[in-house]
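Letters A, B, C, D, E and F mark the chains in the order given here, with residues in each chain numbered from 1 onward.
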Amino acid sequence: MSTRADTVPQKPVLLTGASGALGRVLTRALGEQGWTLRLTDRVPFPDQLPEGARFQLADLEDGPAILRLAEGCGTILHFGGISVEHPFETVIGPNIRGLYHAYEAARREGARMVFASSNHAIGFHERTEVLDDDCALAPDGYYGLSKAYGEMMGGLYRHKHGVESVFLRIGSCFPEPTDARMLATWLSYGDMTRLVMRATLAPTLGPSGTAVIWGASKNSRMTWWRRDGRETIGWAPQDSADSYAAALEGKTSGNPVAERYQGGGFTALDYSRSEPPR
Amino acid sequence: MSTRADTVPQKPVLLTGASGALGRVLTRALGEQGWTLRLTDRVPFPDQLPEGARFQLADLEDGPAILRLAEGCGTILHFGGISVEHPFETVIGPNIRGLYHAYEAARREGARMVFASSNHAIGFHERTEVLDDDCALAPDGYYGLSKAYGEMMGGLYRHKHGVESVFLRIGSCFPEPTDARMLATWLSYGDMTRLVMRATLAPTLGPSGTAVIWGASKNSRMTWWRRDGRETIGWAPQDSADSYAAALEGKTSGNPVAERYQGGGFTALDYSRSEPPR
Amino acid sequence: MSTRADTVPQKPVLLTGASGALGRVLTRALGEQGWTLRLTDRVPFPDQLPEGARFQLADLEDGPAILRLAEGCGTILHFGGISVEHPFETVIGPNIRGLYHAYEAARREGARMVFASSNHAIGFHERTEVLDDDCALAPDGYYGLSKAYGEMMGGLYRHKHGVESVFLRIGSCFPEPTDARMLATWLSYGDMTRLVMRATLAPTLGPSGTAVIWGASKNSRMTWWRRDGRETIGWAPQDSADSYAAALEGKTSGNPVAERYQGGGFTALDYSRSEPPR
Amino acid sequence: MSTRADTVPQKPVLLTGASGALGRVLTRALGEQGWTLRLTDRVPFPDQLPEGARFQLADLEDGPAILRLAEGCGTILHFGGISVEHPFETVIGPNIRGLYHAYEAARREGARMVFASSNHAIGFHERTEVLDDDCALAPDGYYGLSKAYGEMMGGLYRHKHGVESVFLRIGSCFPEPTDARMLATWLSYGDMTRLVMRATLAPTLGPSGTAVIWGASKNSRMTWWRRDGRETIGWAPQDSADSYAAALEGKTSGNPVAERYQGGGFTALDYSRSEPPR
Amino acid sequence: MSTRADTVPQKPVLLTGASGALGRVLTRALGEQGWTLRLTDRVPFPDQLPEGARFQLADLEDGPAILRLAEGCGTILHFGGISVEHPFETVIGPNIRGLYHAYEAARREGARMVFASSNHAIGFHERTEVLDDDCALAPDGYYGLSKAYGEMMGGLYRHKHGVESVFLRIGSCFPEPTDARMLATWLSYGDMTRLVMRATLAPTLGPSGTAVIWGASKNSRMTWWRRDGRETIGWAPQDSADSYAAALEGKTSGNPVAERYQGGGFTALDYSRSEPPR
Amino acid sequence: MSTRADTVPQKPVLLTGASGALGRVLTRALGEQGWTLRLTDRVPFPDQLPEGARFQLADLEDGPAILRLAEGCGTILHFGGISVEHPFETVIGPNIRGLYHAYEAARREGARMVFASSNHAIGFHERTEVLDDDCALAPDGYYGLSKAYGEMMGGLYRHKHGVESVFLRIGSCFPEPTDARMLATWLSYGDMTRLVMRATLAPTLGPSGTAVIWGASKNSRMTWWRRDGRETIGWAPQDSADSYAAALEGKTSGNPVAERYQGGGFTALDYSRSEPPR
């Protein structure tokens, strides 16, 4: 990985989920930086392709197709798959099997994985807890479980095959924050883009070969997340949700479960536990 | 769970994987204790059924069938699925989807899950490390990953639905130890049976509602595993591999990876990392 | 079922096929009545959700998801699945497997099933026959066969598990009648809605535990259908197709098979019998 | 069908499920009669093939293969599929989809279907009821439901495509009766063979084009089954279970559900209805 | 086949892929000729149906449905399936399995197959080669491979079952040519329509029973394709791309692989061979 | 490929279908030569593994597993899949999809493919024809079609990706010949083994990069097969069926189709063509 350049990766970069919201933001931004992009999704790419980008329809569940798309790539930005809570059977194909295909591709190529994990992989930690990057995984649904599975698979592929991974535990990545929780968890498109760039370009992830990054902007209300790998990759958020505070701070869910846990509303979906936790 | 009796559970107990090696041992032993057993497997049960036991062919991938088998049960002993390393595609159906079905059943019934997890869920810890039950998961293959996934799913079902789980991180459960590593990891059939009984009968798992148990007999060479939930459930191993030491202690694998990590030979399967770890 | 209230069911009601034509009509009408609705479909719900309604995407072929959606429900309005004639392979998944999931859910919940059956379950009776609710099933295609299968499954679940079922043998449920046959078979949206309400709210279905209802409005040309369970549930149609008679009575199909049998055009699809029937 | 000969059908006969118990009995017996047999099963045929017989491995779920096997055949003896109670998901493939393939084949060939239905298609009638062939279908499980589905599909294919069907509602077809219920329901191998021969050779099934036959030997304890199509096809049983009465009449199940209903033990499997029926 | 009439086939014609671009052109044109058309596709037909045409939704992977649609047809125009290069897994279902279903239908009906093959079945011949209809198959991707497979299956069905086939190796069939290569390979809609008509109506395909036709209009730049079966079926192209030459002749791909081989751009997709061919 | 050694390949060799008859012969023979073998099959390997051999259970339909098994291999001996005529649906998975996985593996590794093709890929040539290696493919069933598909895929992978292939058109490879046709087509185990060795070890396949070999021993009655690539790879058969001639020459099939065509009995299976060919 010593050959990673300062602003443009030496090898092509594969982006899965290219036709999704974050995929389109990344395609535009990375294309403007002059990156050589291989894009894929199971639905057509809706925008103009940047120069140097190629798009190929493929299903994440089609292993040989994903392995083939990754050939020659030095980094896989794995943003494909289901991105909100859904029944188990809807999640398993794209997010469990699809993830395996992405990691097999990374192993074959000796590529680094930049994996769009989620705060929902640790959503059942309470908001009063302060988490470092070695906190226990505590998924808050089938979606979160698929992300936690992905981080563990990343560990396996590191131990056994030397594959590097950056796990982006993305908070809430939208054009702007829209409720009180996002005053803490919001990740601006700009910060997200720079995070992906640094995760890709960082010459090393240190001796462990993996890095967890808490994916939130410089929000003063984000008090739950502390130590992570941002210095290793050279990233710091620049944007902040603070200016939205006046408009949004009263906009809470009213659900005591959702307000108690870091995962917010996802933790309250189908919540059926009667006795108080702990 | 306050109604769990001393030696015989008040409600029937579902045992998956009943036709496998450990399933057959459990069926015989628990049947002799007078337990009411519901047995299932995807292949016929090869032995005489104990009194009070019912067997039903079912595939772990058939969700409604598993949910139905569990009706009225107070405990699920989930021993079904693939039990050694295999390609991902072989593991995902019985061990990931099948596990989900078992947990859905536990949730529906308010049943306790006793899950046959494995040391391979943490196999990439080195043998020089001493692990407590809150150590990081570190699976050593697709099989181990499915076990780690199961423990996380257990956490999710505890947080969201109040389902209790005992995770048995079984070492090496065979009639007798057969190599040097098993001098540490061996779990005798008797200790395994008593462990399952205590996991089922323990009136409470404490405030966390989950317990991890290191599944090894009282082997003096087992120096890697320390604190766990055995006191909570009231179990202590009685057997020991020590008497096999003279015969087996030279019987090591000769593979430096296998000898370095707790997971033994599984960690060395397909191992392709070139640089030294850490 | 003694706790069924007069106008609002005491327990939530699950409606499958909520995004379809009849599903949307029911959602609006029952929502206005203040019912607590759980809605599901495999495509998003296109309208504003009424207060007290929750929508969850799910595939009828995903058994555990359907079972979970039904938890706590006292009635299942099963309007999902394929609703016109299609090749067998298109019908079997949503209408045979999906039906099984709906009935498993009803059994698990002790819920009553209100099943959108169809005149096509008995479509091969001739129009000159007068049918009571114990007439033989005589499906007129793969779709009708799936509905007849559903009624038999309802009988099985009643016998074996005590599940109550109302089988709505719906004639032609559209905003208004559009051909001569519908002068007999038309069921207005209003009558359909009231029928579903009574099927849900009726305190008992009598000793048999099942009721068949001929689903037609008060059309004077409907001379084929006679005795059914409408008194048991307390429903009578209020609307009539009669005012459309002048405009539509000449609008027949011109196909002798279609005109001979109660199922109309469905009976003539792919009809290949050469000799005259009977 | 006017060309059906007295003892040997003019066209080849397709037998599905040839490698099963009844299939092997039929193969031997019909082969000895000089019939031209096409045999199929998903497992190899274990016996010596009679002269004039051809065997082809095929899965009932493979439609084009089944359609092809039936080419040129004048009769399909459909004995394939699951033959005892199993979870729904195990039954649907071979017994629902497989049945459709068999009926499509019959339609394409203008062949007569001789369908191994079962008493379990009507198993929830009580033993005190006397049934004629037009009694309501009352399946006693998923297996029985698949048989009832088959009879309804036979009706559909008769109405729409002119396909003739003989529905053999087989009681208990074993080498000899083994419990008290079989004193009523036993069908000897000889009677079964002669029944299949007559069902195949009968020149006509009368104007309805379908015939139901109660498949029991001349057992004096069979008091539940009365009128059927045996005269139409020219069959009468010759054997009797009566000589086993002394040995077996005390051998009842002891289960009140099983003893109440015609379907016997199948009706009691998973029986969960609390209140008394009727 | 001696009964094929001059302008209207005596038996109905099945057209698969009816809702696609070429399918719609054919439906309109053949409908205007008074042909009796059976149309099918997996998506609804978007246009007004011509008189005498019937449309049925069906999936090419549903064998019995395709076999049934073809009943009574004398010709199958197989234009369904994937029509451009895609990953193998996307192609195999519609184009390999679907093709088998189409050929099984042709065999059952004794129908002639008119198969929309493609120049991509021979795309890896160089443009300097002059090909006759007995040239070696040389597919240029998974799509082309499925077309070559189809031609071989046609040969098999001819040898074994006497099925006649016309293989249309279509060049580029679009409203008008849009690049330099199409100055050679363009097939006008009119020429394509007349080709399909002649392929259907030709009384005989000669002793071999199969005919390959190079599907290009009368373009003076088409110098690669020579002898074929056009005289046998009585077709000659009438249109020409020549008038587009001035506008398009500089519009080449710039890719040396694409320019070298007859298959054009398809040959260059994923091209990874390093050394020079031959 | 310049590094292929004289007797032992420099890189490991992957053998699919290792547990089959030919696979076991090859494993033993190549193991004795000191080759480094990777073996795979979907059923366990029944024999003692030679030194230097590794066996891994895997399904040919599991693409990533096959790709992974091939890593580091310089040659793939593709002997897996269905090896006799079966219905299409039985063949497509292992032989079409499985083949694709084998070729993808070869492409990824830059490995040479040694493909167990078959005389059934050209079985519909008459025995009076003399074939060179550039003869037209003429498969004689679904099995033969899968072999012809494989040869075409080999051509595609050569053209597009530079993959070398040796196509072994195996005649009849059994311990000894057992009928008259095998006096021509028999390939002894010894000749087969030497053929595979030469196909693997040959330093080059010449400029075309592919070679077809007629897989028959030095039988004087083999008069149909002439020119092929044996000189290029340096193979000549040493054994002969001639000594069996006296015992077998009268042992013909008696079927005129089977006797006419090179494919023998396979060409006569389901043969339904009425008019005489040609």
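The working rule: a contact is a pair of C-beta atoms (placed from the backbone, for glycine too) under 8 Å apart; a residue touches a chain by one contact, two chains touch by 3 or more.
Treat the numbers as computed from the prediction; the structure is a model and nothing was measured.
Novice: Can you name the chains that touch subunit B as well as subunit C?
Specialist: A, D
Novice: Just how many steps, at minimum, does a route from subunit A to subunit E need if it may pass only between touching chains?
Specialist: Shortest path length, in steps: 1.
Novice: So subunit D and subunit E: same face meeting same face, with over half the numbers shared, or different?
Specialist: same
Novice: Compared with subunit C, which chain's mean CA position is the farthest off?
Specialist: F
Novice: Suppose chain centres are the mean of their C-alpha atoms. Which chain sits farthest from subunit B?
Specialist: E
Novice: Find the geometric centre of each of subunit E and subunit F from their Cα atoms only, then give the gap between the two centres in Å, rounded to an integer.
Specialist: Taking the average C-alpha coordinate of subunit E and of subunit F, the gap between them is 32 Å.
Novice: Measure off the straight-line distance from the CA centroid of subunit C to the CA centroid of subunit F, and report it in whole Å.
Specialist: 58
Novice: As a quick test, compute the distance in whole Å between the mean CA positions of subunit B and subunit D.
Specialist: That pair's centroid distance is 45 Å.
Novice: Please tell me the distance, in whole Å, between the geometric centres of subunit A and subunit F computed from their C-alpha atoms.
Specialist: 47
Novice: Which residue numbers or ranges of subunit B touch two or more of the other chains?
Specialist: Correct list: 64, 68, 88-89, 100, 270.
Novice: Could you please write down every pair of chains that are in touch?
Specialist: Once each pair is checked, the touching ones are A-B, A-C, A-E, A-F, B-C, B-D, B-F, C-D, C-E, D-E, D-F, E-F.
Novice: In the complex formed with subunit B, which residues of subunit F make contact?
Specialist: 56-59, 62, 64-65, 68
Novice: Quick one: in the complex, what on subunit F touches subunit A?
Specialist: Counting only subunit F, the residues touching subunit A are 63-64, 67-68, 71, 100-101, 104, 108.
Novice: Under the touch definition given earlier, write down the residues of subunit F that touch subunit E in their complex.
Specialist: Of all residues in subunit F, those touching subunit E are 88-89, 92, 96-97, 100, 107, 124, 134, 136-141, 144-145, 148-149, 152-153, 155-156, 159-162, 207-208, 267, 270-275, 277-278.
Novice: Provide the residue numbers of subunit F that touch subunit D in the complex, in ascending order.
Specialist: Residues 86-90, 270.
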